[in-house]
């Protein structure tokens, strides 16, 4: 634990919570022979091929239109950032190993095994330049879910020990300590107590039986601790029987982002087990995009059967509570634009929830041009924000987002994802930009009526 | 004489070969007047839909002159309503059409008396003149 | 047996066998791979109707992508529609289909067919030029793309040559035309032209996966 | 060798005037599909032309070709051409028979060695020489013997040109065409079932006029008559382009004279002059009478599927083999998927 921390101290001063740039990069992990890496990559590519991925990998027309949807390509015109090109190795493995004509591809050598050089090159394409935002999946005339495939391709990369240094360290720390930022249960408890005092709000902790299990992301705990208080206020106002748990509080899932299905499952199971233990009927996920994907849509599949409880993103919970009158908010006199977290809106299907909440707040809502499901990504999703060497590229890409936001001329910029928020904060600092991103949940918490 | 002027505006050039052929005839008339160059068109070399040939014939109409020839079957040589444009039809002894032509010329060659025939005719005439007595003269004088 | 008899008979016959076998080979080979289990609680029903919905909706470009993809999409539409018109609305082709389907449908006058064919070829050439010059397409294209382009355009071009002829005998051209169709039929299941049937699978899959999430499809 | 009179002599002897001769020359030009401007040259050539000897051999045939040629009883311009040739042997037409006929053939061959034309109708059976004999001589022997001293051979009708109906699948007599056997003499094919009589006379007129054979296409047919398809010269072509087709023999389209493509017309792949020269002294041709072209002047027309099957239909077997292909495809797909799963399982174990 300490070794991890020692080698990669947290950069607490930065506008995002991350590590200081490593003095020596280790973008190749472990000490496998080259051949073994290639084998691992191939094997873990192959494990992902099912009838669904197969149809996707077989269906590509090479029309190249996904390039026009990808912020990395749009901003750089670098053809390597064409989304489907990022999957070239994955495709190659599929055609050779599992496709209907795999025998011929192997027999005649039409598709070779991937090489270590290719894998190293593709590390940049599969990690630094893909936020798994899924915009490309919407433009594809064949309807191929490219983003979903990228997540799977990362499994091979991870197992071959070929992922970016910081992402590997972060994921490893998450696996070892339970939190990518090294938030131990004790530390979490400390922060919760601090917030309860600071904001004078009651925050139940480790209650044995509760209807609702609330969880947080490390980013919030570390950098936006007021989120803890905001969550508590809202749940209290709704009169929920709820609790935080020290045995299941971390919503982020770096196993998923980095491509380690084992770690992904571990993190997910922690939350599931905690919820089952207290007999929860609902897990309320924090303002975090990928947590939603990990638990709401992939959680049951990790569990191997339907979950015995519901899963909601906080925006969904708030929308529901406001729509049913469980909580009420005061009207807020300001103009607002909303940045959709890709995994919650575009890929998660909860696009409407945030809009319902905003409607209840009575603000002058200014939708971005092609906002909602076609929103430009913040550029930091999919773990990209952790990768230091990707900073210049990420900043370049952020320009699209800035234009989209500025065009609305709204007073305030809100979102519902701490990861988006830190990536905005970092880019804001970089560009010295006027807009400071706020949290939708915090706005609701601050304007609750009849607060308990 | 068979003189029948066509009603110009009423010529229906419905389809097929009639219109292009009329155009060709106009150009042939240009050549005849400007360069003194005659043209002959073999209608058998063109595919006509049923009724199209009749349509062409109607379009060209009948002119002032019509001649009949009786050599190896009947032939009709007729000037159309457009002077210089001649319609020729050759039949065999069974009366079947063996050739149909449009000639754009001042006089079709076949109307001219041919030197060979003139020579043969002269010989015949001289022969009967020499061999006949007063009966011939009497007959000729009738 | 002359070339035309060969083309109309054995060539088409074998091509049809390969087409049918190849399409099923590829489809079954994909569908019979392991199933991805899905236990998450759906937001919306999804299912077959969702598949149908996306099969339909992905035929059109979503508004945000319209400007960026206008040119290739337009060409692709012209190519597809032109190809469709030529294949299914040219009377001799209808007669061909009637030969084994047993029913026919009205066709279009030939000049409209020629127009569609020429438009399809022009669009095809423009798409090839784009593929050869556009940095993205240059990078991602492979043999399949170029060969599939070739075998797709070949029947249209040979078909369009029939009225023009250019000194080649009609029956020879017809034989070449039919052979080019046979080549297309033989290649279709194996290369990217498989999108003719895979499009229903890929779009349908996405429809079912994302519609049940209530997400954008 | 006896002195052969020129055509000019013959016509003069018959009292044909110069005008008549000019008319004859014009008809010949028309027949040879030569422009009217060629008439003076033809006149000049014909005056000098000498009457060639012709031997007509009939093998496995139906006499339809001879009928086609001789259908007219009164003398015609085409008839004149026959008057100007010396038909020295034709076992259907000649009065002589048996040994006397054969003697006439031999005499003509000897007298005109290297000069005479051989016209053949009917195919030659190669299966058993006894299938068809004349005066006890097999068709093959007679053909090869007669052709020996010929200047050229004209195969009249599709049987002589391509094997014809006797050669149709399964070809019980082993029928072959003239060009299958005669390799060292020029062979002109005048196919058709029957051929257009004008075309036969045109070939003879060409030989008579210019002493040479016409330009031929890839099937040995005179280009002047077989250079274009029926479809290209068909007056119903505009209907084809407009997509107007007769669907049956008695529907509105049929009555309106629309294109017969759907009724199996082979016009697009049939090279012949029917659409321009027409039949029965220029009266009409099959399509004009409402019947699709059978393609009778094309090699193998009898084996090209049904006469009424549209040209663009494929020739497929029953659906059984297709079902077999489908089963094979499913099996291959399943095998591929199983193989793919096996590899996955193996990797999962290894990993």
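We call the chains A, B, C and D, going by the order they appear; numbering starts again at 1 in every chain.
The definition used in the following text is that a contact is a pair of C-beta atoms (placed from the backbone, for glycine too) under 8 Å apart; a residue touches a chain by one contact, two chains touch by 3 or more.
Keep in mind the model is a prediction, meaning the values are calculated, not measured.
Note on connectivity: the fewest steps through touching chains from subunit C to subunit D is 1.
Across the assembly, the chain pair joined by the most C-beta contact pairs is A-C.
Chain C has its Cα centroid nearest to the centroid of all protein Cα atoms in the structure.
Each chain's centre was taken as the mean of its CA atoms, and the one lying most distant from subunit C is B. Here the CA centre of subunit B is 35 Å from the CA centre of subunit D. Centre-to-centre separation of subunit A and subunit D, using mean CA positions: 80 Å. Subunit B has its Cα centroid 97 Å from the Cα centroid of subunit A. Residue positions of subunit C touching 2 or more other chains: 25-26, 28-34. Taken residue by residue, subunit B touches two or more other chains at no position, since every residue touches fewer.
Counting partner chains per residue, subunit D has residues 332-333, 336-337, 340, 344 touching two or more of them.
Viewed as a contact network, the protein chains fit none of the simple shapes, being neither a path, a ring, a star nor fully connected. Each chain pair that touches appears in this list: A-C, A-D, B-D, C-D.
On the subunit D side of its complex with subunit A, the touching residues are 332-333, 336-337, 339-340, 343-344, 347-348, 350-351.
Of all residues in subunit B, only 15-16, 40-42, 44-50, 52, 69, 71-73, 75, 90, 92-94, 96-99, 101, 103, 109-110, 114-117, 120 touch subunit D in the complex they form.
Across the complex, subunit D meets subunit C through its residues 218, 229, 231, 240-243, 245, 261-262, 268-269, 298-300, 303-305, 309-317, 321-322, 324-326, 328-330, 332-334, 336-338, 340-341, 344. Within the complex formed with subunit C, the subunit A residues making contact are 49-56, 58-65, 67-69, 73-74, 77, 79-80, 82, 84-85, 88, 98-101, 137-145, 296-301, 303-307, 310-311, 345-351, 370, 373-374.
Residues 16-20, 22-24, 26-27, 29-30, 33, 35-37, 72, 74-77, 79-80, 233-236, 238, 257, 275-277, 281-282, 284, 288 of subunit D are the ones touching subunit B in the complex.
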